[in-house]
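So, here's a batch of structures to check.
One chain, chain A, appears in both complexes that follow, with chain B as partner in the first and chain C in the second.
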Partner chain A sequence: MFQTYSLVHVEFLARAALWTAALAAIALAGGGVGGLLVATARVSRVRPVRATAVAFITVVQGTPLLVQLFLAYFGAAFAGFDVPPLAAAALAFTLYASAFFGDIWRGAIEGVPHGQWEAASALGLGRLAALRLIVVPQAIRPAIPPTVGFIVQLVKNTALASIIGFRELTRAGQIVSNVTFQPLAVFLTVAAFYFVICYPISLASRRLEARMGRGHVEPSLI
Partner chain B sequence: MIFDFSGTFARWPELAWGAATTIGLSIMSMALGLLLGTLGAAARISDHRALRLLPTAYVETIRNTPLLVQIYIIYFGLPALGIRFTPPVAAVLALGIYSGAYATEILRSGIQSIPRGQLEAARALGLSRWRTLRNVEAGQALAAIYPALMSQFVLLMLATSLVSAISVTDLTATANDIQGLTFRSFEAYLVVAAIYLALTFALRGVLSMLERVLCPFKFVGR
Partner chain C sequence: MTISRRLAFAAAAVPLVIATTAEQARAQATPGGTLDTIIKRGTLIVGTSLGTPPYGLTNTNMEPDGYDVGMAKLIAKELGVKVDIVDIVAANRIPSLTSGKVDIVISSFSITSERAKAIAFSNCVFVDQQVAVGPKALALTGNADLKGKHIGVTRSTTNDIAVTRRAPEGTEIQRFDDDASTSQALIAGQVQAIVTSAALGVAIRDRNPAMALETKYVVSQAPMAIGLRRGDPDMLHWLNTALFMLWTNGDIQPLQQKWMGTVNAELPRYS
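Then we have the complex of A and B:
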């Protein structure tokens, strides 16, 4: 069945863009909590805890996100659960974001001068209390620009969820392209939607970086 | 829940071929990316305003849209204009253009990291613009950006997994094939994830050794 590419399709894409935003929001929320855990474990003084965090970050940053998505999707089936693509994607993106946020925030925590830890300990604060009350508040400022920068990567990378069949913006683009036979126009529109979401976040990240100082290297391509 | 890796391990020749394809794609697209990045960075620091605008538009467009959509535009979209590529050529083009945008930014930051005094000293010594670039700037800039280029190379290698979506038989596509034959999806992707992890370590190792050859002065006295 052949259809002419029209505003109806653009509206269909716009609706799918909401799913892209939703998946990114889930990954952001899950990755925020997970990233705090990973960062805390990563600066722990208990060796096995620290080693586990290092291993987790190494594995997630050393394997493709696409393979992680397949592992989440088929791993759930392997464990006997029949999960919808959204659940598998949410799990994979949460773990992915946890590793990257954990690593970014570890860097910020380690940037806080060591004397702060010592002063906290001299005041009788325990390790976790020192982290929560003294170190983290000072680490937030330098952590903001790279964190915002990574959110752009997160939004872009939700496109991979289309490959395991989650109907977000890119999957919707494929569907529209298949019925209109206009792949160029359709995927350019899809790209424009992503650009509209990502560019303001990129700009914000750069502004924040200029204001808060301290350069960073883009944490991730994929 | 019983693991059965026999079907996956039995197909080691395909896996080896897939890994070789992944390595080949990574090297070719990194080379293209560095070429585009050099042109982009050179244009970006140019004195002509129009020439500066071009790489900025390139970098922002590519960095704020998903690689998967860019691959679809090149492979499915461009044939509408009569431009057709085989899947591997489309893959290298898309990956090269993608990494070129990141390389532009990295190279530009490298050139701008060189203190002004170095250029003034070179001019005082009567060195030409070209000699200054080659003998004074290039070495220092490379030393400054090498770590960033290295992690970009690793991330690009992981990003090549996306070309499985346009039927290039890389490592991820090999896992797709194997799971279709053995119905042991989880095992197939676990093995492939392990291979990617090994490739990441190997690539980091080789690039670290190369750094000692390319920037020997960085290691003086260590």
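Then we have the complex of A and C:
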């Protein structure tokens, strides 16, 4: 009944790793756009806009991603929509990443000294223009470490998508482990694949940070 | 309460919530009955966990295989439609049905009265035995001997339910996420014995000759069936008719021999 752990299985895992990377990429793209909107709304002067952003962040950060995935998949089915696992996972991860990116970037924006806003205003720039031209460029560098930290977490969190039948790396690992009964070897391979995906992200972030100048990094943010 | 425990609680609560709203879903998911829907669609969508050997697994070509997959193919052939195997995790067998994601679930699905409140079961497809497996040297001949021992079992399976209900106070039950981890715990010495299905117990024994493992005793019987949505009499009756004919014509027996290494003398029926 048992198969010997072999290259066939490694190839199966590699293909699942591509799905993990793809899901992370979708979440990153969707969450990037969503996060910008959330961060902008979060520092808005219009109270209802700000309140909406705060509510969104609170709800998403205050509920487990596992439950969000469950609702996006089974909940949608109860509401009458037949959502395939990839779409449900993409939606849940996009919302999840939007909330976290939004909050991370809000923090970075608020970290820019208030004098910058005033100076922009003195130059006749409106609120959005000041944000885009003056504040955000200065907020990017301090935002990099927490952003990358979250992206790496995001990659690993895609494992939760296995609950709704999305066959990513961790579910593939379970499947292979249960035909070979060599869980140690299988999950070491799985870990290696996660590392192959995550390490270049950390590496790229370090490069980017170095390029963005001054070289000073808050130790607590690394 | 730690974050991970909170997560576990939340995750455990969701299927319950989903199951209680099953009533609404049935109305939406099956206008005109699942049977007609399947025939019209030309495809039978079956939910099966592919991480549960020998019931659901992937073969050397990484295609779905195992007893449940073989059964799904037999059922689809009887119906004259194609089969689509959807990999689901065991914990989602009931929500997958009630939300209408799959037509039927064939996934080492033990009949329990509790589960039958949320979904319906067909007649039996296999009666499995749940056995305790441990090294020959271990003194373990019945449930009373479990006291003070570390016993491994796969979480939220009927094996788990069976041993949890029968074990005397003072038994250290350790639960693992899948059968591979449970058997690994036995081999690594983290537990002294495990409770698992008879077929898997034999396979684990043969796989690890150095451990000198043996089946210690039978904990309980586990009749398995096909899960379907409640309130779907046509589908239920057709499934039972098909199972009756498949058994009478001798199509199910070789499948049991192939995957379970044993053939049931008779498949019990409700009536």
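Here are a few things to note about the model shown:
The criterion applied here is as follows: the second predicted complex is superposed on the first by the 197 of 222 C-alpha atoms of A that agree within 3 Å, B and C clash if a C-alpha of one lies under 4 Å from a C-alpha of the other, contacts with A are read in each partner's own complex, and residues count from 1 in each chain.
Convention: a residue touches a chain if its C-beta (ideal position, glycine included) is under 8 Å from a C-beta of that chain, and two chains touch if they have at least 3 such contacts.
Everything quoted here is computed from the prediction, not taken from an experiment.
Superposition note: with chain A as the common reference, chain B and chain C are in steric clash.
Within the superposed three-chain model, A:Lys156 lies in touch with chain B and out of touch with chain C [touch as defined at top].
Of the two partner chains, chain B is the only one touched by A:Tyr194; chain C is not.
Look at A:Val8: by the touch rule set out above, it reaches chain C but stays clear of chain B.
The partner that reaches more residues of chain A, of the two candidates chain B and chain C, is B.
In the superposition on chain A, contact is made by A:Arg171 with chain C only, not with chain B.
Contact with chain B, but none with chain C, is seen for A:Ser202 once the two complexes are overlaid on the shared chain. Of all the stretches 77-85, 95-103 or 113-121 given for chain B, the clashing one with respect to chain C is 77-85. Shared contact residues on chain A (touching chain B in one structure, chain C in the other): 63-64, 66-67, 70-71, 74-75, 77-78, 80, 162-163, 174, 177, 182-184. The touching residues of chain A, when paired with chain C in their complex, are 1-3, 8-9, 12, 63-64, 66-67, 70-71, 73-75, 77-78, 80, 82, 162-165, 167, 171, 174-184. On chain B, the positions that touch chain A within their shared complex are 1, 60-61, 63-70, 72-73, 76-81, 98-99, 102, 105-106, 109, 147-148, 151-152, 154-156, 158-162, 164-165, 172, 175, 179, 185-186, 189-190, 192-193, 196-197, 200-201. On the side of chain C, the complex with chain A involves touching residues 6-7, 10-11, 14, 18, 21, 24-25, 28-29, 50-54, 57-58, 60-62, 86-89, 91-92, 95-96, 99-101, 177-181, 183-184, 199, 203-204, 207, 259. Of all the residues in chain A, the ones that touch chain B in their complex are 58-59, 62-68, 70-71, 74-75, 77-80, 152, 156-157, 159-160, 162-163, 170, 173-174, 177, 182-185, 187-188, 190-191, 194-195, 198-199, 202, 215, 217-218, 220-222.
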